[in-house]
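Two complexes, one shared chain (chain A), two partners (chain B, chain C).
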Partner chain A sequence: MKVGTSHIWYVIGIVVLALLPVVIRSDYDIHIFVMVWIFSLLVIGFNLIFGYIGQLSLGHTAYFAIGCYTSALATLKWGVPFWVGLPFATVVSGFFGFVIGVIALRWRSHFFVIATICFWGIIHLIILNWVSLTNGPVGIGNIPIPSIGGMLFSTKVHFYYLTLIFVAGALWFTKKILSSPIGRAFNAVRENEPLAESVGVSAYRVATLAFVIATALAGMAGSFYAHYVTYISPEIDEFSIMISILVMVVLGGKGTIFGPVVGALIFTFLPEYLRFAKDLRLPIFGLILIMGIVFLPRGIITLPKLILSRWVDKR
Partner chain B sequence: MKDAFFSAEALTVQFGGLTAVDHLSFEIQQGEIISLIGPNGAGKTTAFNVITGFIRLTEGAIRFLGQDLTGMKPFQIAQHGIVRTFQQTRVFPEVAVEECIRMGAHKIAEKGLMAILTNSSRYKQKEKEILERAEQILTFTGLKEKASVLAKNLSYGEQRLLEIAVALAAEPKLLLCDEPVCGMNPEESRSTMELIRALRKQGITILLVEHDMNVVMDISDRIVVLNYGKKIAEGSPGEVSENKKVIEAYLGGSLKCSI
Partner chain C sequence: MEAGAWFRPCLPNLILIRAKGRAVFIILFQQIVNGLIIGGIYALIAAGLTTIFGLMNVVNFAHGEFYMLGGMVAFLITQTLWSNYFFALAASITIVMVIGFLVEKILIKRLRATGVDLLVTGALVTIGVSIFFQNTSLLIFGSIPKLIPSPFSTEPFKIGPILVGRMYLFAAAVTVAVILLAHYSIKKTKLGMAMRATFQDKDVASLVGVNIDRVYSFTFTLGAGLAATAGALLGPIFVIYPNAGERVVLKAFVIVIMGGMGNFLGAILGGFLLGVTESLTSAYISAEYKDLIGFVIVLLILVFRPSGLFGKTKRI
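This part shows the complex of A and B:
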């Protein structure tokens, strides 16, 4: 196998991320990392439909919530282990994505945006009002922690590695898909839909496939969230989370493989490092986000390349 | 009687009360270059859009290689081997030229999820074939030097060439070109026509819509003339250019109408 420079960067990335918990002793920082990895799964999927196909799924937290509740209820009510709940939640979310996609992706653009918001609204109302199933606004607690052969994933470091492996897997999966004819079809549909159709690409099928993957990954993220935090409530389906997802993807670089993860890292960690600014923390955070989008419209992921090309130009 | 390679049977398209294409029938034999001409608004592009599934037929049928393509979607028609280019240039703007051509090869690509994830030998073989095919098309269309240029940064003439290149990647049996030399200078126009002749030699049948009469008369084996959505003449370039109805449509028709 050919070993390119990009392979070396992957190895360095993996080693650094694997060693981080050894270096970082603060439980709180590890906790934030776990949240970043869970959100990464969500935004990697969301980026497929939003960044690559170019369709805005504005109710994406609905699939995250479906994943949370499906996994939590399956483990609590049926007593299945997390390792069954996780794939089950992934499949159930993906199934709902398929149903919504088959209906709403027939007519793309604004119709799809509105249809996804409507579905989000329905799910939100069900979670709030089907009290016998979801406990309503009170939420569900005591969700079991995952375990492997008697070993409990009881610490944050355990979860750090567990989620990191799945993020790496999701990245590998999307990279494989995107460099394949399927990825080329994604790009074709986004760049010029009539032209794509004229060479035999069905925009409807391609968009539906992307949406199913996106919603399945959201469900997977939801399952991890539920079993990590061990408590879920309708708050996980708030629209503000949708805004966070959008900012992560756009800030990091939509339509790039690693951009959304970079976006999730910056979006989650920046507010922590701005604590010194006290009351001005959130205004400064907002300002930095705006500047990022104004000056790096293709995302922060393009920054190293930009600096490198400037540097080469100067020499 | 032998089945025609392609046949349009009484194609009719109505937009509300307006009949854009009115019972248009014609056949295409394999290996022909056939042109669809007519004054502005005669329904040429609409006929194209109907044949390629971009507009729904009100009535009529489309048969190709013994199969009924009536009512199929654009991507299905493309998969059957009818590929088109557009009157207004359409490219994948943010994509490099070579990658654009590979995107055009969608229908021959291996798209199975398992094959892709396991990097199966069949998948690798297909991808290699597509790459080779893209190289061939680059050389054939003369876009080789621009292989890594983004489509949006090509000149207008080059973008029109790229459009044909992308269509070729889809392995058409019948290629529909909507005004391929529109807006080109005489030099570009001549080389594009050469390209179309070369395509025919490769066994691709071609249906043209074109405004430039010199080009049409020069290249076509047969011409179908439309006016107000109806076929008013069909025949060799010589026959058509002497047909009274055609001369009237192009020269006198509009004058009479205004009186």
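This part shows the complex of A and C:
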């Protein structure tokens, strides 16, 4: 019965999102929605390692950038179609994630944080300085847009549906993983690592697996970004993007399946609609972030429950 | 000397030294001196960061902003209030210390009271603080880099054949003095003793009457002050701009790992070591990749010596 009602909600959600481009006529809003879905892929992965395993990977844009550049260079230099570039970028990012995970996850918390930052620093410098491959600060343009059998994904609405399908797929995949024994191992490792180890769960392997999935999803997001915007430069690897990801996951609700997506929705639209504040935009953004962490440490997704319980208490 | 000549294998190198011995050594020493001076500045920043981390368990992402504010406020003072650099230096350090004090009192203390994991929430809140300060100063000062007018003549000071800028020399002297002062206050004063006690065991320290809140407040303010000193000292040498903190905080993290987390002396030594390594790398290997060396060192340290280059982690 319970499962039935939640399925109905999913169907409603999917129908609403699928009909959205019909209702929204503004190209600009559709564009922001596409960015929301691309960021969603990124944060769904990031949430696995940060929200479920509890390890803060502060170099996550490195894998996003690796995905961007791998996919762009594969399609431009080897002439392969987007549909080869996408899985290739996913695998390459996942591979780098595996290598770094194996090194960095031998320690927890702050060591891991700083190891991931260092890897980010290395990738960032390589992208900037290996001019013969990455074109340096100038970036790479004219990245081909995807097509299926002659039909080009030329409009923003096309990309809306393409990315939405993949986000839905990623959500379904995380839900499946989390309800499997592996997912229970994730929670066990986060809540009490020694106890998890004592019943035969290898925290190191579980964390590495989560990190590989997270980095692979970041690579996938990168590939979509490269072929959607058709231009990439070292700016995609700036630390400010990492901060956006973090804000989306934490204020959306880390360790929940839909929280990060809600976060991506709010914090992609919010900076755009704060534009009326002009130069005050980013200082205000910083203040909202501070307030959010101090007053809503568990994320916006818990807000309805919080209000409800307050209301019940009052009576 | 042609570029890259230094890089020849050992034996020809010796011959080279014999032939052009003086020139080669002078250049080498010049690079080492430059590296030591910059390293001292790194040490100032990293020492505060490592102490805040070791004591409060907060990875302070706003630390680079204290450095930036140190330079920016000093610049503002020389432009508006009084053009005397030494007054601006002292005033800006004081102002940034007050800002650091307020950040700790208003935000971090409140987080500590909620009892959540400070490692993550502390990092997030300081990231928020960093965004706020960075963009507010962008709003006030604009993005054009600022150079504080130097109080010294540009003619360099000669130590034998090695040339050192007068401002560099002043910066080095102040750095050494401030580091010694901070070290002294941690080792000898009563508050410093309370700090070390808190570092060893927070609960026991609080049981024997140490005011933990005051210790935390002092630690954070001290860290902010050290970073601001670095910023105000570098202002007349390099330019300062609103995003300057980002780069610096990453370097400081590198040094904190090199020295071992929470290790005050380790951070000082690590700062000098990184300064010299970077200076030598940019002179003899590649200027573009000089920033890479620190990151690679950290990954290697994490693999082979996670407690830092200088041994024990638990020390202040």
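Convention: the second predicted complex is superposed on the first by the 278 of 315 C-alpha atoms of A that agree within 3 Å, B and C clash if a C-alpha of one lies under 4 Å from a C-alpha of the other, contacts with A are read in each partner's own complex, and residues count from 1 in each chain.
Please note the rule applied: a contact is a pair of C-beta atoms (placed from the backbone, for glycine too) under 8 Å apart; a residue touches a chain by one contact, two chains touch by 3 or more.
Note that this is a predicted model, so its numbers are computed, not measured.
In the superposition on chain A, A:103 makes contact with chain C only, not with chain B. Touched residues of chain A, counted separately for chain B and chain C, are more numerous for C.
In the overlay built on the shared chain, the residue A:301 is in contact with neither chain B nor chain C. Of the two partner chains placed by the overlay, neither chain B nor chain C lies in contact with A:220. In the superposition on chain A, contact of A:65 is made with neither chain B nor chain C. Of the two partner chains, neither chain B nor chain C is touched by A:245. In the superposed model, A:198 lies in contact with chain B only, and not with chain C.
When both complexes are overlaid on chain A, the residue A:118 reaches chain C alone and has no touch with chain B. Per the touch definition, chain B reaches chain A in the complex via residues 52, 54, 73-76, 78-79, 83-86, 90-95, 99, 102-107, 109-111, 113, 116-117, 123, 127, 130, 163, 166-167, 169-170. Those residues of chain A lying in contact with chain B across their complex are 173, 176-177, 180-182, 184-185, 187-188, 191-192, 194-203. Those residues of chain A lying in contact with chain C across their complex are 56, 103-104, 107, 109-111, 113-115, 117-119, 121-122, 125, 128-129, 239, 243, 246, 250, 279-283, 285-287, 289-290, 293-294, 297.
For chain C in complex with chain A, the residues that touch the partner chain are 53, 59, 107, 110-111, 114, 116, 119-121, 123-125, 127-136, 138-139, 246, 250, 253-254, 256-257, 261, 288-289, 291-292, 294-296, 298-299, 302-303, 306.
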